[in-house]
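Which chain is which? They are A, B, C and D, in the order written, and residues in each are numbered from 1.
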Amino acid sequence: MDDSTKRLLQRLIRRIPAQTLRTTLEKWGRLTAAQQRSMDFTQPKWALSEKLLAICEENGLTAKHITELEMTNVIDNPNQGMWYAFQLMDPEDDANSIELTQFKEQFKSHLRELVRPVSIKIKKHTDEAVWIRIAWGDSFSRPNHLKPTYVVHHLQTPYVFVTSLTSKQKPLLSQALVLSARYQAIKDANLSGRKLTAIRDLLMRKYQQVFPTMYPSPLGERNQVVSNPHIEKEQAEPAANRLQMACEAFGDGTLPQLQTVVYKLETKFRDHTNKTMTEREEPFSCVVKFASTNLLESLRHCASSGIASTPVTPLLSSILQKGRNYFVITDNGSGPSTQTRQPQT
Amino acid sequence: MALLKPFSKLPCLNTANILLVESEEQFQQSLADTLVEETAFTVNVRLAKSLPLPMENEESRPRIDLVVFIINLTSELSFQSAEVSLKNLDPGYFLGKVCFMVTNARNASVPTERLDAVRKLAASLHCPMLFAEDQTPDGVTNATERLLTILKVAAGFVPMATALYLSNLTRRTAPPDIEQPSFD
Amino acid sequence: DRENTIYITLISPGSGDRQNNGSSAVTSRSINIRVNLNFLLCVSNCEYMNMFKNQIHTVMSAFPPVVEAGTPVHGNDEVERHLVLVEKVAYSKGLPPEAISVMLEFAMSLRMGTVLCARVLRCLIPATVVPQEAVVRAVVWLGVGKIPMSTQVLFIKWVLTMFDMIDGKDQLRAIYGFIFSFVTEENLCPFICHLLYLLTRKESGKSFSHLRYGPFIQRFPQFYSYSLFLVFSSLLQALLTGRQPFLMHLLSLYKVLCPELVTLSIPSRMRWVRNHNSTWKSTLIGVQKRNGSQAASSIGLAFTIKDKASSRKRKHTHLQLPALSSVVNKQPQSEPSSSRKLVPLVQLHSFAQLLENMHHIELPAQMGSLLGSSLALQYLDFVQDESALLRLNFWLGYALYEEFLFCGDGGGFQNSDEALQFLNKLLSTENFLQGGFTSSEAFLYKFLTVWDGSLLRPQILALLSNIPVVPSSQIGRLLFEPLMQLFFTSSVFFKCGLVECLNSMLLKWLTWHSVYALEDDLDISLKSYTSINMTLSGFKDSVMDLVHFVGQLASVGLQLEGCHSLLLSFTLDFYETVCDMFLKYGLPLVVMPPPGVFYPTLFATDPISVDRLAYIMYRYKVNLASAKSQEKLTEAFHISSQTFHEFNHYVVVMVNSLWNSRMFKPDMDLKLSEELLLKSSVPQHWTSFDLIHHPAFMSYAIDFHQKVTFLHQKSYDADILTSIKLTPQSGPKERFGDVTTFPSFFRLATCLLQKHP
Amino acid sequence: MAGASATGVLSQLSLLEVKARSRKTQPQQQSRVKELKAKVEALRAQRDQLKAEIETHKHLQKLRASLDKQSTNEEEEEEEMEQDSEHSQLLQLMARHTQLEDLLYAHHTIGGYDVIKTRQGKGVCVSLATAYDGVFLETYNLEIDLKPTLRISRHNVPPFIPLNSLAEQNNLQTNIRTFLDTLSRHLNAFAARKQQLELVKELHKSVQVMESNVLCSILVLMFNVPKQKTAVLCTLDYSDHTRSLPTRVHFESEDEKLPDSPEWKKNCSLLKETPVHKALITMKKMGNIV
């Protein structure tokens, strides 16, 4: 077991949260029950990693197995690092009928053609998600397991989620994906976040949307609070309307946790008092960035509590409808225009 | 938009009506719940986010004896919305039937300018300005008691005292600066 | 040139450790020199040097394991492991002194970059004490100027937090000038000022009278030349753009120590800066709790309840304190001026000890802890040590503002009993010193304007009653306006409370007056470093304002509350104080109650109130009479005929309504129209408020009548009541069956029978 | 000490205040009674109103009956309608209204869609309900802008249903109707497949679901043949996404001749014709699988 592998393991142990370390190791299943029992998880990380190293030596485990451990860890808590969404464009006819095995070998072969050496691991997770781990190497160096790229793809859906991908590797990956998933093109979906589940749910529309219906809406019923006959809300129905509007724009119930939304304005500066700026030819460009632990929740609250005006401006509502959190706003196309952005920025 | 008028409606027997205006709609609820517990007379509470009030429940609305603007000092917005709402009150109300209730005055994140601005506003309108501790239950009950004290007078339950009389006693002349009272 | 060399020797510890462990840390550093302040450095340096000659070897011996400069931090499990270990120990049971000095040295020398520096600082929790040398060395490292500003601030905060646990202050004082030189860093300035504030101390006792600046040296042993201090103060004043509170506070301390230098006029009451909540407090307390030793005094300036608690405990447990006492007792080296032993107050626990050490007592940095111990208070009370009081005020003001005006969480915890305890302790202290602190006074003025009237009401009102006399020019704005608003919008209980509070305030003012009246100059603000001189007339004005104010409150309050009997009784309490101002407290001032108080009392339904009114009127009578006689003897003062007139009028009304039943007669000043009275169809309405028919006395009258009928063996008949004629001529005895029922009436009656003025 | 005593008095006062408050909240009772009385009144009024409504409803029923008759056979019998003129007219209208409502409902049940206006008529919101044998499954919504051209602004149709391509194929602009029909067929088929899969997992513990995908377009099952313990791998391929039945069924097993055996041929056709969970039940009955 060379010391690059050792370093890998140490780093990995340091990264796995202490409380889940035990279960992760169990999932990994490379340790005998005795070895499992012999580990004392109350010890500090460095001690644990020492211990684990010894065991791995003993079992003669290699980098391959360590990467397995890493993969289980990443699958269990995917909310580390930035995830970027990509969208596959114009599918072939048989795009819908592709199934896992053939996708697997297709992808591997395609990527191997493009770059070698490269180490690829593909694993099917329970919820129809295909997890791909790629450790890149190039003609001079062996695959670098210290900074692998992770790709998550749901077959039959046009979406791919990628983390820690350099701009150099991007075209390679894109091509392999396009070919093996039977599409013709791939584009950046302009959606990124720390929580994989969040951006996935957002694109897969796995959150509770609200539509105007002729039947009594659950919203109204939920806000029926039994109150004293002597207390009367003057602006009850405006409030209800605001809530309805907000929920139509941002969905109901718990929302996917986005952290940021970025608007890149490349519009003309309009302010009659400020001549010099207004008369400039080149567009006045600035970046507006909203940040929060759960951005959509906060936006919804803003709208429902009347801090933000309703109906919600398309600039905000299109975060969910277009499923993106990066917009470039130009003068000609009113509202958010579609432009792509380098993932690594 | 219709101005809210103090004397457009007849009062009803042994009832006082109070209107709580707060842009955040937080404190007003707890206040209302404690206000209606008053047993000596019936208290009707109307809650509003801002003025003007909607036309549709114009006739269902009783005569409002006291209008309370609740301002949370930690938010500029709450102050501004109160300022805007004030314009929709009939001048008659400013004869003692309006008061300000300020929360979070002791919070570290409150800029002194804002507090002074509120003070100036209250002083310029000759309205009393009450401070309240909305965090603690005791604070809420106490705030309620004080509102009731004013409301009683405003609704005419106290013999030989009118709202104007009381507000003359309780209003601030000018915002003071206590920072450095120099004695010489 | 000279400065430079000196400066370089200043960082000699760095070079020293180079020789020791060959780390190239020092050489690589650029030495930047603050030109404008170099001479400060050179002055403070000499002592600094010989101090180091003494200790350099000890420090060297305890040096950290050799760490190459610029060793990578990331992914370095070696360091990681050590740090984890250190942190574990630190957070569980705190670090021993030598460990502290090692780690501090390690951190500040930036051997492994700035990241670790901050981290290490965070976990520097001392178990017992912080060795002074370590701190000094660290301060010197600051001078090297490699450390990022945030970390520098963090360090100074650390020093402030641990100040009381540093085992000696002499060497720190030795580099006073060096520390001072950081004042120019505007990020550091507030904290540096705070540190200086704690370091600057007035030395009592031995004087170098032969020296030119003897008295000065006395105060600032750590400075060589008077000019140096001149530089300090002038520099501060120069730095003072606007009124940065921290600079102001330091300056005010200087002003006290040598007034002739600080030309600036320091306002008596200053705003307070927001405090830095230090990160170590809670853990430190935790550690101390676990160790069971209260070695540390209360931590940090910001008053949080926990360290209050610990400081209170300290009072009791300081007897068994090997660590601190031994440390402090060790002869401070290399400080010529303070060669004699200083005894920290905390080590005294008997009055005798206090007496014999009176001249060399070292006050704790944490002045707040004085509040607890009566011994300390006696000391304060005895030696009018202005600087001590100043510091106490400083601390107190800080605490009050932090806890009650700049609450982080919007004042979540108000009603928690810690706040209660604190205020109660403060109250008892003020009662002990028999006067309010200026800081608490200033605090109250601010607090009243944002008070909701219920928060900690008893304490606040009690504190309020302690404030010294306010000049009548200010009293309206500072006191009456906020109080008035609170009074009229609050419940009757608050009203009563306020009246009670104002009553005791008046009492204290008067008592104070009766004590100091003889002295020519009336120093109002007791024991406070800003003395406001006030003339007798000024005092009279304030009192008059107060009395009138309460009169107004009471009369309107009674009206709004429908003559609530509780409020009435509190009001009468107040007037019982007022009516005796002249005789009891020798204040030549008589103020009559307003009609709004007089009439409700006169027509009250309970006998006690009416009785007390009578007593009050009686006392007025006595006071006025003696005042008149005084006036005859000396032209000292003069009571306006207006007052006499009011008094007479009230008496007439009383007599008319109670005795000769002339109610509603034209000469009375409350009139009802005839037909209205007829309509009421009350028989002989004019009698309806005489002693018999007065609602308050009806029961007594009937009782009396029954006694009479029993005596006369007669069957009850109604006109006996009416047949008892009331005439002023007939003496009191036959007018009242049982005089003891209305003692004060008897008194009033007797005094009325002599012709009144 | 004066201060101390003052605190005493003051704290006593606040205690009193607390007492007073508690006493004030006690006599809630009779006011509560009043409240209840008021409630009773309100309920009575409500009851009377309901009674009245029932009356009118009965009346309406009669009218409805007559109306329906009219719509079937045109000859009129107006005579009993003539009394109480405008009241009956009103009733007439109401009756008509209910009739139309019913028609609408009927239409919906035979495959119409709920459509309501949104944003003051600038758009409509269509909701398509999915169901599989008599069980209502989730409802999907489309919000469609009308101006300038028909455009789907918002929807909660899962991304693996090719909404846009459908919109193009049967051109949305001209005949939205067909578009909606195809879409609803897709959705219903998808819902049906999903439901079937659920049922298989739930009903047949012995059968192992080897593979499936989000679209449920591929289903690989494994089951055992009872006597000779051979495992059979069965692949169901729903390549036509508008149908809930597989287009291709394929068996794999250790012994090559098993898939060609007559009863397994029968099974194959069975699986093609009947929903998989039912098919499996029958296969169990036949004793082909465990």
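In the analysis below, contacts are C-beta pairs under 8 Å (C-beta built on N, C-alpha and C of every residue); 3 or more make two chains touch, one makes a residue touch a chain.
Chain identities (UniProt): A = Centromere protein N; B = Centromere protein M; C = Centromere protein I; D = Centromere protein O.
Only a predicted model underlies this, so the values are computations on that prediction, with no experimental measurement involved.
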Of C-D and A-C, whichever chain pair has more C-beta contact pairs: C-D
Most central chain, Cα average position: B
For chain C paired with chain D, centre-to-centre distance based on mean C-alpha positions, whole Å: 71
Euclidean distance of C-alpha centroids - chain A vs chain C, Å: 57
Chain centre separation in whole Å, for chain C relative to chain B (CA means): 34
Intercentroid distance (Cα basis), chain B paired with chain A, Å: 48
Category of the chain touch graph - line, ring, star, complete, other: complete
Chain A - residues contacting chain D, complex: 91, 96-97, 99-100, 128, 154-159, 203-205, 209, 211-214, 229, 311, 321
Complex contact set, residues of chain B against chain C: 74, 104-108, 115, 128-133, 135-136, 138-139, 142-143, 145-146, 149-150, 153, 158-161, 166, 169-173, 176, 178-184
Residue ranges of chain B in contact with chain D within the complex: 37-40, 141
In the complex with chain C, residue positions of chain D that touch it: 1-4, 6-7, 9-11, 13-14, 16-17, 20
Contacting residues of chain C [partner chain A, same complex]: 75, 77, 80-81, 84
